[in-house]
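Each structure below is given as structure tokens.
In what follows, chain A forms one complex with chain B and a second complex with chain C.
Here is the complex of A and B:
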């Protein structure tokens, strides 16, 4: 990878760590251990179901909040506080800055998710005393969750390339929520007619398809994930991230810094 | 080849959320800075200095015109590698220490590892932060941040240095140090372009200056050239407690202190003033020519009302 992109990514990661972003892990650890102890006491059959469901949902929500929070925060801070002045007047291209930020944020989320994954598996071990073959699918679910984070981070960068932090956060959260219901939107598009059909189809393409990336429930029931879905989701996420980042770069290249 | 050529750069900002109003921050500006010179960019608050510099550095896009730096465009990273920049009121990543920050900037400027560590260390010493290298920037004072700003601008040994108000926020000692540093940079063969309100600094340092007011260029040249055309003044001191009415009428300033009166007046009034003193029977104590300074020129171009606002910061 390009050296400068790497340096910017590393500095972004360092900033996130020093801004105590990883402290969210404490809250997550408390939540997981509380849930595990509680579930272990009351239920007989459904411990695994509850722990996987709750654990993965928590991983996903914590991560989404962090992705939006730091994705927008760490970029808009550079613009607002004008730290960008001394970066972009060096032999650094604007696309290198955006790309470096993306990788730094992605790295932060990855480390965060890894720690959380350890927590989920620890809780799983606590309630069912041993791992089963089906637990491997939890890893696939986690992989899909990371793909979601990448998409959201790219969107956060796209929004903060032209909008205020608050508006960017609102856009990003709205897209996340709508994206979780994208399956329904696709269903609606299939049934609708005329202008409605067009609108719904267009929206279904623009809005990130988080339904397909969410396999938490089926994994919690021990159902496998098809290899085809893994492949499709990977390609889908890569294309989505690439397009969102390209948009961010295109806007940012033309932007006057304040 | 000139170091910097500003070819008709202009900027109009559109302000207001709903009905956008056009605000001309800079009229088309024509300016050339030769290689190896110290060039002062002067003007009162809001004159358009920072706007010009930001366009020059490619941070803000001009409404018209272009600029060339070392014969190339600032959008070319190879050109930017040759330029050092200190922004106005710089702010840095406050979670880093001064050393980490300079390391990071050195990496981005492509300075290789071993050399970078040495340069960072030497640079911290050079700007007087040798002791504070491992302190997080959030604990730095304004003047210390300004020093970090200067350090990052010259770390990669650029050919051209562009400083936006390098003296602001510094104590008298610090200002002196920055002055010396700018002179050293010239000795090293670098071109220095800096904006300032502090006329005495510009006068002491600059080979040439440009004066900007309300987005328009009001004068360019060597300080001596610019001040040559400004009418000189003389200072008269005589013993007494009052001034004759005729003398009052032609004096620009009059101060009575104790039993002497001091008057400042235009050079060409010297003869008539002496006549008046003689006729009134007053005893002359001294007559001294006042060297016309950059400040006089500045006032003549910008108006005295603007000076007081400009000289403060």
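Here is the complex of A and C:
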């Protein structure tokens, strides 16, 4: 990776840690240990199911909130503090700044997710007393959640390249919600006719597909995830990230920072 | 060229390339997961729990579930599959989320009640669905009509059909024909004429082209069955008179038993077979016929409706 991109990524990561982003892990640890202890007392035979569902949902939601709220400030914060001008007067290109910021936040989210994954497996071990073969699929679900974070981070950066932090948060969160129903949206598009069909189809394909990246319920039931889906989802997420980052670079290159 | 110009071109090309790539991949993923959004029905079996989980956005969720039910039925139907296990739970979830979504009762019951391959072949479930609809919407005459229709056509339970029509006729703004149907039911239950009245009412009381096409196809089938029954009677009379089967319709015309060569509702002449049976020429265009099918005829998996319908 380009040395300058790496520097910006490292600084973004440090800054996120300094901003106490990883404090969410305390809340997560409390939630998981509380759930693991309580669920056995209040329900019958669904301890494992509850721990996986609750754990993975919490990993996903905590990460999405971090990706959106840190991601939207990545550019605007640097402008407000006027540190961006210092950075750009050095031999750092604008695209390198955007790419570095992306990798920095992606790294933060990855570390955060790894810590939470340890928490999920610890709670699982506590309620089941041993790991099962099907628990391996939880790792696949976690991997898909990380792919989700990469897309949201890239989108938050894209919006922050041209909009205010508040509006960027609204856009990113709205896209996340709509993206969770993207398969239904393509279903609606398939049922429409004429110009509406074209418009709905175009919208349905531009919106990120978070539906296919959410396999929490099926892995909680021990259902396997096909290797083909893992491959397609990986390529799709990477392509979508590339698309959003390209958009962010295009806008940021032309943005008047004076 | 300036460095920023190069970056713009490269970023622009990457944007377009990745957009095209994402569409291709999404299509592949969708093909792999054609019923994925329906899978949660298998996991969340309680519609009431789902209503609570919807946090008050139950109307929107009901619309989504209704669309899923339509897509599920459409995809299963077009594949010619006989398995519609998710249809009843999908409709139950939809109508629990929004008990006033009339379209889900009307069309949903239509999907469920019709015999396979035209529908899911689950008339009892369909009747239950409409009865739940009436409980929540007692002033909707169409639901009583649907219920009566299912009891009459699919379950052959004529007293219950008559009761449904009669109750529906008492609803304000009810179609006046409901009174007639309720009255006729006592005398003509089981008659082709009664079936014709029901299909005619269905045809006339809806604007939906699929329902109209279905009603029209059933009306045509009723006419074919009636025509062939009448022709078979005349062939029998001819045989009694002459001691042999007629060789063609001309024999029946010459003997005064038929006024002319009979035509089916699509304008094609019926075929008189050597064994005295009467067949239609284009059975695929006349779904739902009981009589006139060629020997060994296998109907298409999905009934064919004519473009003119």
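Definition applied: the second predicted complex is superposed on the first by the 257 of 258 C-alpha atoms of A that agree within 3 Å, B and C clash if a C-alpha of one lies under 4 Å from a C-alpha of the other, contacts with A are read in each partner's own complex, and residues count from 1 in each chain.
Heads up, the rule we're going with is that a residue touches a chain if its C-beta (ideal position, glycine included) is under 8 Å from a C-beta of that chain, and two chains touch if they have at least 3 such contacts.
Everything quoted here is computed from the prediction, not taken from an experiment.
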Fit or clash between chain C and chain B when superposed on chain A: fit
Which superposed partner A:250 touches (first chain B, second chain C, both, neither): second
Touching partner for A:242 - first (chain B), second (chain C), both, neither: second
Which superposed partner A:89 touches (first chain B, second chain C, both, neither): first
Which of chain B and chain C A:4 touches, first, second, both or neither: first
Which superposed partner A:18 touches (first chain B, second chain C, both, neither): first
Most chain A residues touched (candidates chain B, chain C): C
Overlay on shared chain A, then closest C-alpha pair between chain B and chain C (Å): 7
Overlap of the chain B and chain C footprints on chain A, listed as residue numbers: 93, 254
Of all residues in chain A, those that touch chain B in their complex: 3-4, 7-8, 11, 14-15, 18-19, 81-93, 254, 256-257
Complex contact set, residues of chain B against chain A: 54, 57-61, 77-78, 80-81, 83, 85, 87, 90-93, 95-96, 104-105, 107-110, 149, 152, 156
Residues of chain A that touch chain C when the two form their complex: 93-95, 181, 183-184, 186-188, 190-191, 205-206, 209, 211-212, 217-218, 221, 226, 228-229, 232-233, 235-236, 239-240, 242-243, 246-247, 249-250, 253-254
Contacting residues of chain C [partner chain A, same complex]: 3-4, 7-8, 11-12, 14-15, 18-19, 21-23, 25-26, 28-30, 32-33, 36-37, 39-40, 43, 64, 67-68, 70-71
